[in-house]
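Several structures are given next for inspection.
Look for subunit A in each of the two complexes below; its partner is subunit B in the first and subunit C in the second.
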Partner chain A sequence: MVKLIGLVPLFPLIGFLINGFFGKKMSKGLSGAIASIAILASFIVSLLVFFDLLEHPDTTSHVVSIFSWINSDTLHIPFEFLVDHLSSLFLLIITGIGFLIHIYSIGYMHEDEGFSRFFTYLNLFVFFMLLLVLGNNYLIMFVGWEGVGLCSYLLIGFWFKNTAYNNAAKKAFIMNRIGDLGFLLGIILIFVTYGSISYGDVFGVARGANESTATAIALLLFIGAMGKSAQLPLYTWLPDAMAGPTPVSALIHAATMVTAGIYMVVRSNVFYIMSPAASEVVAVVGVATALFAATIGLFQNDIKKILAYSTVSQLGLMFMGLGAGAYSSSVFHVMTHAFFKALLFLGAGSVIHAMGGEQDIRRMGGLKKALPVTFMTMFLGTLAISGVFGFSGFFSKDEILAHTYEYSPVIWFFGSVTSLLTAFYMFRLMFLTFWGGFRGTHEQEHHLHESPKSMTFPLVVLAILSVVGGLIGLPEFWGAKNWIGEFLEPVATQPLNMLGHDQEIILMSIASVGAIVVIYFAYMVYRKNNVLPLEKESDMKPFQKLVYNKYYVDEVYDFLIRKPLDFISDILSRYVDKKMVDGVVNGVGTAVDGLSSVVRLLQTGNISFYILSMVVGIIAILFYTFIK
Partner chain B sequence: MLTGLLIIVPLIASLLLFLVKGNGSRNLALGLSVVEFALSIVAFMQLKHNPASKELVLNCTWVESMGIHFAVGLDSLSMLLVLLTTFLVPLIILSSFGTTYERPNAFYGLIMLMQMALVGVFTANDGFLFYVFWELALIPIYFICLLWGGEGRARITFKFFVYTLFGSLFMLVALIYLYSHTGFDSGIKSWAINDLYEAGRNMTLAQQSVVFWCIFLAFAIKMPLFPLHTWQPDTYVNAPTQGTMLLSGIMLKMGTFGLMKWLLPVTPLAIQEWGGVAMGMAVFGILYASCIAIVQKDYKRLIAYSSIAHVGLIAAGILSANQQGLQGAMMQMLAHGVNVVGLFLIADILVRHTGTREIDRLGGIRSMNGNFAVLFLIILLGSVALPLTNGFVGEFLLINGVYQYGAWVAAIAGLTVILGAVYMLRSYQGIMLGERKDSAVAFGPLATSDKAVLIIVCMAVIAFGVYPKPLNDLAESGVKEFLLNIK
Partner chain C sequence: MLNGISINMYIMLSAVLFIIGAVGVMARRNSIILFMCIELMLNAVNLLLVAFSTLHVDAKGQVFVFFVMAVAAAEVAVGLAILSMIYRNMKTIDIDELSKLKH
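Take a look at the complex of A and B:
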């Protein structure tokens, strides 16, 4: 079965080509069906491959060569796929959730004139995402990495007539490219150090290099991860990316693409294990991003923006875990997060759909009656993300936090605070959206309706996964097997959790009780006392205003980077290039011109003048030789 | 013999075209350039199966008393540039079908003459012959720009002509100087490339330095490198589109290829001494030109500056003088040639359909012509070196090569990855996206010839990005051999 791995990215590629070339001529139904079937086929093959791996625990990885891509003397970069435990898990997430979101999109995008174009991009995205996780060397990962960036660009700017959306798309691409340059230099450093960039060749001998080289590689790769997975300071593109259609936000900007950075670090874990310094950077950047984004999430009123900041924050928690060495726990959280965050985004899409495009939770309220399925599923998703005991998010988050506590109680503390903030802003969102009275227009109220089956079906499936998804990683002290930890053992060995069971139970209790208390607090504020977010910025307290405006980070970047770049470029173009560099050239020209006009005066055409000068010249020469 | 044919066919084509009257000339030109392309494919196959084939070299005595030979030959490296030339010239001719030029026979005759000179430059193995072809290439492009260019062409073309001639004369001096140092053992003077190499290597550092700077000046002006570039934007903008394509797509490579073939092996000591300065010019030029490209309002001028940035990276790769740098330079020369022809055609199409190239006055063309938007985007992605496009292979190898020269140099040169995305996406957004502006209202379907060229370019962008092996193998083995020779 593993030999057929090439089919997994091939199906979406074919879907992309069919929709790309013939989509406009096909009916919407056919176009959507082809795209969805392509992903379903990939999912089925991925499942078969996954079971194949389960059945043969002795062989841990398979390399499948497609063709020879770039060769340069000792540098060989084949187009090769690696099927192992890590990639097979990501294959399931990508194709499984990808399929559900394709189905959802058929309903969500039904009215859009760019219907087939949407599915063309979506299939292309899945193709590149699969390359990213399947590649057997860093450059194939980079192909997928930049490819998903392109699709993200195309889908954020999907409604290309809107300038703000186009700006968001461009911003995403450029910010990602900043990270990509770091990634690219990291790949080159790996080649220069080890003479290869294929995983098998590099990881085996990785420890031959010294620690500072490992640190440099790890940090360069991490710069790439900061861009793709929206970490400080390269995160600002992700909230703006919500300009894209909501299924895109769910698939690309929550469940799959943005977790590529986590995949990359787990894949490269050997460098991070070699370099405690780099790991510390990852942990600190992660927890800082988590806390920072969570505070912004507290005061946002756009339903998608809240979820976007929540995603940034959750990704931060995953990096915090990676820094602490909890590789498989972070992958576990990638998985549960993919379930509940995709669910929450799709639920938000359902709400927006019902509200006729409205995204401001101040204009919503009391929607649970009109949207029962959306409400129930989103509620389960909220319980999961808030880390309520028993739901999937609880187990994965708990694992990360337990490892972090061992690594550094300080980082653990901030990570835990982030979790509590998460519970608060998520319940704020839920209470304001689904409880209380309706605050929108009459027209909106009149049109409120539950979404079609194609949209609610994925919600239900994801809700089930969000509830039970934690079972694959039950804590060991329950006497259960931590299945995912064992499964990933061949790829990333996670240091055993040395905390005693008592300590672990205490930490777990703190988290659970904390979550309940915070949820109760949110209930008191937004349900019992019906507090509504302020309409006017002028009414806010200074701190609230600062956070509401996202700490003015965009403005600061604008002031520190964009404006100076434009200014310098303008100066270079207008003055330096035209006046100075070209001025010198023209100056030389003019000087030659002037000089020749002086010399030209000698060319009088008067023969006697010429003879006279000749005579003078001859006399001078003779005179000179005599003296000598 | 094949190599000789590759030079003679365009020459005959050119003469034929000068004789033909009327509008049939463009079809004839297209046909003959396709024949030339087919011929180069034959040569390519020959080289692949039998690299030592006598068909690929031609060496006859020209001026015996001065040791001048008509020596041309195709090796892996020159083959790639000949392929680029013969591939692009038909596209350039086809791209002119949407425009009516006065005296078309002369126009196409000059293009073919140019092709002859270019093939000559890339295949010459004799210093004197190289110089003759080098200067010969200037004459047709001078007339193309002067006779069919835009407003102010006389002044701009004159500057271009004098500037490049100025550089070339220094090269001539250096070549004669090298020639005078040949025959150290045998006493026989020669212009043969290997004898010139040897002459250069036997020189002292001071002598090599003089040779280095004289020849480097000529190449740096031709590419052009900062700060010798100021003739370029005006000339590119002012030349007729086909002239710009010839200049940027192919002629620019005379400079980069020359740097590789006619300078790197000649003055090893001087390169150790001065290579850093040259590298500085190249890398600084990348940033400088990228920044300027960001604020350009005229799309054609923007591409002109982006070309300076690209060529800066190519030069940096060559100066790093390692396998990846040189191989990347070869691959990037090919990719850049193809992509820039596509981009300049897009600029031309914009003018023909909307009457302007001003980015601020354009906008929303995508709503009028979605296919054009897709083709444009693919070429743009090639230009910003997205993986699986032709631009990536070269750029990755180039940055890799420069990294081995100096990690920080590579980090700075690598900023092109970011800045390139900035100016390319900004301009794409300005021209294609957003609400439809007045200028876009009349933007109808593309002419068949334009569509054909864009589709061929896009196919090349993707094909050689996904499967670069056929060309990359040539570049790899050619560079390997080249490096063995100069060590």
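Take a look at the complex of A and C:
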């Protein structure tokens, strides 16, 4: 069954080719069906492979060779797929959630003229994402890494007639490029150090290198992860990426692509285990990002922007876990986050759909009657992300926090604050959107409707997963089996949690009670007292204004990086390019021109002169030969 | 020694003939004279080939001379035909006047 793994990325590729070449001639229904069936087929094969792995616990990883890719003197890079517990889990997340989002998109993009183009990009994205997690060496991962970046760019700027959207797409691409440079340098350093970039070769001998090399590799790889997974200081592209259609935000910018950085760190965990310093950097950057983004999320008014900052914050929590050595817990959180964040984005898409494109939660309110299914599913998703006891987010977040507490109580404290803030801004969003009175225009109120079945079906499925998804990672002190921890054991050895049961129960209680208190607080503010977000910036308190404007990070970057770069570019253009480079090129032209106007005179057309020159030449050559 | 004359003499004679031919080609304007000068140069070379052929007792040089003479004859036949056509059209065979292809 594992031999069939090549089919998993093949189906989306075929779907991409069919839609790419013939999409315009096909009906919308057919185009969407082909794309969705391609992903469904991949999902089925992934499931078969997954169960195959479960049935044979002795062999934990299979290398499937597809073809010999690069073969030169000392460099041999085969195109191989690695099927192990980690990649099979990611396969299920990507194809499973990918399929649901494809179904959703059929309904969501129904009116769009670029319908088949959308599915073309979406299938291409899934193909590259599968390549990223399946590759058996860093180069294939890099190809997938760049490929998903490209698809992200294409899909953020999907409505390319809008300049702001195009700028958002460019921003995402360029920010990612900074991270990619780090990743690429990391790969090169791995190759230089170990003479190979295949996982099997490298991880086997990784411990042979000294700690400083491991630190350098780990940090370079982490820079790549910062870009792709939107960590400080490269996170600013993700909120802007909300310019893309909502299913794209759900699939790429919440569930799959942005978790590529976590996949990469988990895959390369040996370097991070070797280098405590690099791990500490990961943990600190993670918790800083988490807290930073969560505070920004408190005062945003765009429903998708809130979710975007929430995603950045959740990714920060995952990196915090990775830094603390909680690899399988972080993968667990990637999975539950994929469920509830995809659900929340799709729910937000359903709301936007019903509101006729309105994204500002100040113009919403009281939508729970008009959109019962969207409301119920989003409510469950919100409970899950807020870490309410029993929902999937609770278990995964709790596991990460427990490990972090052991690693460093300070980081644990900030992580816990972040998760409480999460509960607050998510319930703020829910109360403002679904409760209270309607604050939009009459036209919008008239237009309100529940979304079609193709959109509500994925919501229901994801809601179920968000509720029960935590069951695969129950805490061990319950006497239950932490299935996912054991499952990932062969890939990433996670240090055992040495906390006593009492301590763990205390931590868990703090988180649960804290979440309930914060939710009650949000209820008091936004439901009971009907506080509405301020319309005018001038009414805000200084701190609120600072946060509302996202700490002016974009402006700071603009001032610190873009302006100086612009200035240098301007000088280079004016003096180096126009004066020096152009001067040299034009100078060569003028010199040739001047020289030829002199040499041209030799070409008289007088035959006797030609013959004379020839004879003189021959005599000169003979003379030279004799003298020599 | 060939027929009592040193090989150097042959070389000198052929060199003198060749130089006369070459100078003629360079200096003269009349196409017919040019042709004759070219013939002179060819025959200077022929003379040298034959002289060395006899010196080394090797017939290859003489065979080569026959080829040169045959090709030269063909060349003269074609060349004179061209010259007569040029004269009919241009009323001159001065090579300096023949500059129609120049511009």
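In this text, the second predicted complex is superposed on the first by the 575 of 628 C-alpha atoms of A that agree within 3 Å, B and C clash if a C-alpha of one lies under 4 Å from a C-alpha of the other, contacts with A are read in each partner's own complex, and residues count from 1 in each chain.
In this section, a contact is a pair of C-beta atoms (placed from the backbone, for glycine too) under 8 Å apart; a residue touches a chain by one contact, two chains touch by 3 or more.
Only a predicted model underlies this, so the values are computations on that prediction, with no experimental measurement involved.
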item	value
Partner chain(s) touched by A:Ile607 [first = subunit B, second = subunit C, both, neither]	second
Touched partner set for A:Asn549, first subunit B, second subunit C, both or neither	neither
Subunit B versus subunit C as contact partner of A:Asp570, first or second or both or neither	first
First, second, both or neither for A:Gln503, with subunit B first and subunit C second	neither
Touched partner set for A:Gln444, first subunit B, second subunit C, both or neither	neither
Partner chain in contact with A:Val615 - subunit B first, subunit C second, else both or neither	second
Shared subunit A surface residues [contacts with subunit B and with subunit C]	none
Complex interface listing, subunit A residues touching subunit C	605-608, 611-612, 615
For the subunit C and subunit A complex, residues of the former touching the latter	22, 25-27, 29, 95-96, 99, 102
For the subunit B and subunit A complex, residues of the former touching the latter	159, 162-163, 226-227, 229-231, 288, 291-292, 294-296, 323-324, 327-328, 364, 366-367, 381, 386-388, 393, 396-397, 399-400, 403-404, 407, 410-411, 414-415, 417-418, 421-422, 425-426, 429, 432-436, 467-469, 472-473, 476, 480
Of all residues in subunit A, those that touch subunit B in their complex	67-73, 75, 139, 142-143, 146-147, 150, 153, 157, 160-163, 166-167, 170, 173-174, 177-178, 180-181, 184-185, 188-189, 191-192, 565-566, 568-570, 572-573, 577, 581-582, 584-585, 589
